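Let me begin by handing over the structure; questions about it come next.
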């Protein structure tokens, strides 16, 4: 795909160019994402109308982020990644930011944008941090350590520093049902590679600590392992979470706008009131 | 699903409550979107871990927006809707806003949020406007007019006022390949209802004008017709566009951050430089 | 200042140009706001280094918004407008959106942007609505009605429709101390024109209603009257509020980031806990 | 002012609390920014209606950011800081992001928020970086080095690493007229302390390099020195820039909305077209 690439190498680390030189166009700059010509739209080189009906939306997301088509099993697993994080109720700060903006009568796009601004660092940011954490462990494995020893070394440095390992622990869940399901799917689709092996090793060591408060694998950790095994770079970890969560933000903004008083005071606990669950129809199982 | 509903009716039209009354919590307020309990996450009543691997991401988006599961053919058509609008290159103002923020060294989420703020009214807003426009025509049909006569009446009022009919015309494309593909899929999946019929009638009348500049059906118009036939309310038209376009914004922000100089001057024409197209492998056709 | 103006007339109302024509640069487009040349920055034609120390920040804001220098009394009154709305504690939805984003570890700019998104319509939007409302009354006065009769007519149509008059009523305050102070200053500076007269007439009629719940003039109404008398167009009403409120949003975001736990659950009532007031030193009175 | 302070110490560095513990309200949390009670609004303890007409807006900004009243000379200098950065034309990426969102027909608040998202790191972020840079130099001075030697050491480490010193160099200006004016005012108001002394020392050493490309002190560097001497912490450096620049973003968004075609392609060079300068009236000098 070299022909799609910009010929200008990234030089983010060289600020002298930034302040002292005039801002000039990068001559001949090309984007590798999408090309537009009259009656033609090429997404990473593929005609979008040819993709419609042939790729699922999840597969198209994979393509536009990574530049290449996923295999069908990767498409299926990546779809499950996106479904897993579609929403987490009213309590997350991103959802509350969206609702607080929506209650002022702002447009849907403004409310959703406010929620997006909460993604990163402490909220969704664990995917990226956990990807790097697993890489650290795998570097040890490649140097000859066993997965168990590498896990012990990683955990030791976290717990010594009073830090919960990234991708583990949850405020509300003592066992994150999304994490187990995702690892199970990766296994069934034969897509569980070394990152999944690493995260499982850490999980086993954490569970084996006697008398300790449970620190379960969470969905961020499971996504980190599964996406790293599919070849995602850590920089895209947050991107995956952001794309997954947008429909949830939209649904909250839309509910706030269409069914609530403007300028109301929002109760963050409302999402924790119980309601009877529904079951998927048999044909969907 | 009545038990999921807030018991408080929306009263957006009654501002006295807003300014003169204290802001009090709506007692017992419940969200219908997602319920959270320890180790349980219910999306519109369904356990998210049960949805993973059983619904495509597009189907989960449909569920969270509309509150009910789509049929499998609706899921497939809605997936094509989302794929169709995943990106449109560097030229749209939303993409340029995202890139201008990304070049300052801002986080991915900030760059994406800036792009989201461009959605609405003149950019993506045609889906909603066109949905209402088609409804207007269908009201005539329900009153006994033929589709052709209703189309003529709609067009007359637009062209008299110097307005291009919403969902028609494009700056770059004289025939929008996404629009034809989407209507073709709706037909093959037997999901082309009265809104598609209406939009086709308008398209035929526009094409029949002698010596006139072509005003082709665009992707906004095709999405409007197809989504209205699937039961979407006009209020959600923009939401669909927003969800579809996020991965494109993410890809542009990520490319800007990882492959370009910070603080560069961005050339909006770069996305129009040609590159050789790629073909889907045979197994994908 | 005609030479600063774009020669292209605005044509917002003519969408055919939008969808069917290519997006081309407006040839020779000029901005009237600020011109940049090497070693020269002209704000509305004035060298910014000449303005520094000669105009107060409020006067510079007036200049950049309106294109002309304010008189010294106008500068003083406009400064009081900005001070009046610098903050309103933790309860407004804009402040809560800022704090919810700040608690995720986002950057200051992201937290502030989220708050800005709440400005408009139901939050700060009353300034613009009230400016138009006062204009409506003044149109009656110009047609020969007395201020009292015009006020009666305006109020009748509001109260008949169940609407609180824009610029009146407050959730928390039964007498808004900012509103009285602003009108008093306008009077002392001899800047109370017909819009202030109109708002006072409405206030008198509202106060004269027997046995009615008090609907006091609020700060939005006072700003609307005072700014309209200084020549501001209604379109800039929200702009004034936004500029005034930013320092408050910044202070909340900064406090959240520097003094609170990340990802905490924010109590919107915290801003209502009492604390002893401080008095200005004598030299400041 | 201890009674205004939260009793909860910040613990940003201790993530275990974040992921593993439930999100609970910080009991008894108080904000130090603004307290609200019926008919009373206290900004950092002062009644806002008492501040109106007694503090300039710049002084009120200083108060809300720093928690204490500025002296009158500090208020004057801080006003000049804000005026200096009120706008820099169409070219900065923040302004372009604002205009690109404005051209889509978005609300004023959405357009301004998009611009705000560009503030930080490479755009406005130099104020904070330069404040820390000056502190580094002053640490050397406190250890007995002369200002000139400290400046040499700082510059050596920058130039060795191929970095332009923060607060120096400009894309467009070879001598930044705002920087000279601000340092001159600091001197006249007798507010030039050790940070100004440090920045001047660096400036002198840079100017003395034979045959070197000029790297002039820029406005970010001047603001950094002057604000640090007034007691601002580096964390607030960006905040000052953001507050100063908002009126410019508003003016650009407003011009775009009211005077240009929607969805136009924006020429970033437009702001560099010359126009005749205006002079302040004699009474303002």
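Order of writing sets the chain letters: A, B, C and D. Residues in each chain are counted from 1.
Heads up, the rule we're going with is that contacts are C-beta pairs under 8 Å (C-beta built on N, C-alpha and C of every residue); 3 or more make two chains touch, one makes a residue touch a chain.
Given the structure is predicted, the values throughout are model-derived calculations rather than measurements.
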Review point. Between chain pairs C-D and B-D, which one is joined by a greater number of C-beta pairs in contact?
Key: C-D
Exercise for review: Among all other chains, pick the one whose mean CA position is farthest from the mean CA position of chain A.
Suggested key: C
Revision key, fill the gap. Between the Cα centroids of chain B and chain D the separation in whole angstrom comes to 39
Study note, to complete from the structure: dist(centroid_CA(chain A), centroid_CA(chain D)) in Å evaluates to 34
Review point. Using mean CA coordinates as chain centres, what's the chain C-chain D distance in Å?
Key: 23
Review point. Which chain C residues touch at least two other chains?
Key: 15, 18, 23, 91, 106-107, 109-110, 113-114, 117-120, 122, 172, 262-263, 265-266
Practice item. Work through the pairs of chains, note which ones touch, and then classify the graph as line, ring, star, complete or other. Key: complete
**Study point:** Sites on chain A touched by chain B in the complex
**Key:** 3-6, 8, 10-12, 15, 17-18, 23-26, 28-58, 60-61, 64-65, 69, 76, 79-80, 82-84, 86-91, 107-110, 112-114, 116-120, 172-178, 180-182, 185, 235-236, 238-239, 242-244, 246-248, 250-252, 254-255, 257-267, 270-281, 284-285
Revision key, fill the gap. Given the complex, residues on chain D that touch chain A span 14-16, 18-23, 91, 106-107, 109-110, 113, 117, 122, 126, 162-164, 168-172, 213, 215, 218
Practice item. Using the touch rule from the top, collect the residues of chain C that touch chain A in their complex. Key: 91, 93-94, 96-97, 100-101, 103-106, 110-111, 113-114, 117-123, 125, 262-263, 265-266, 268
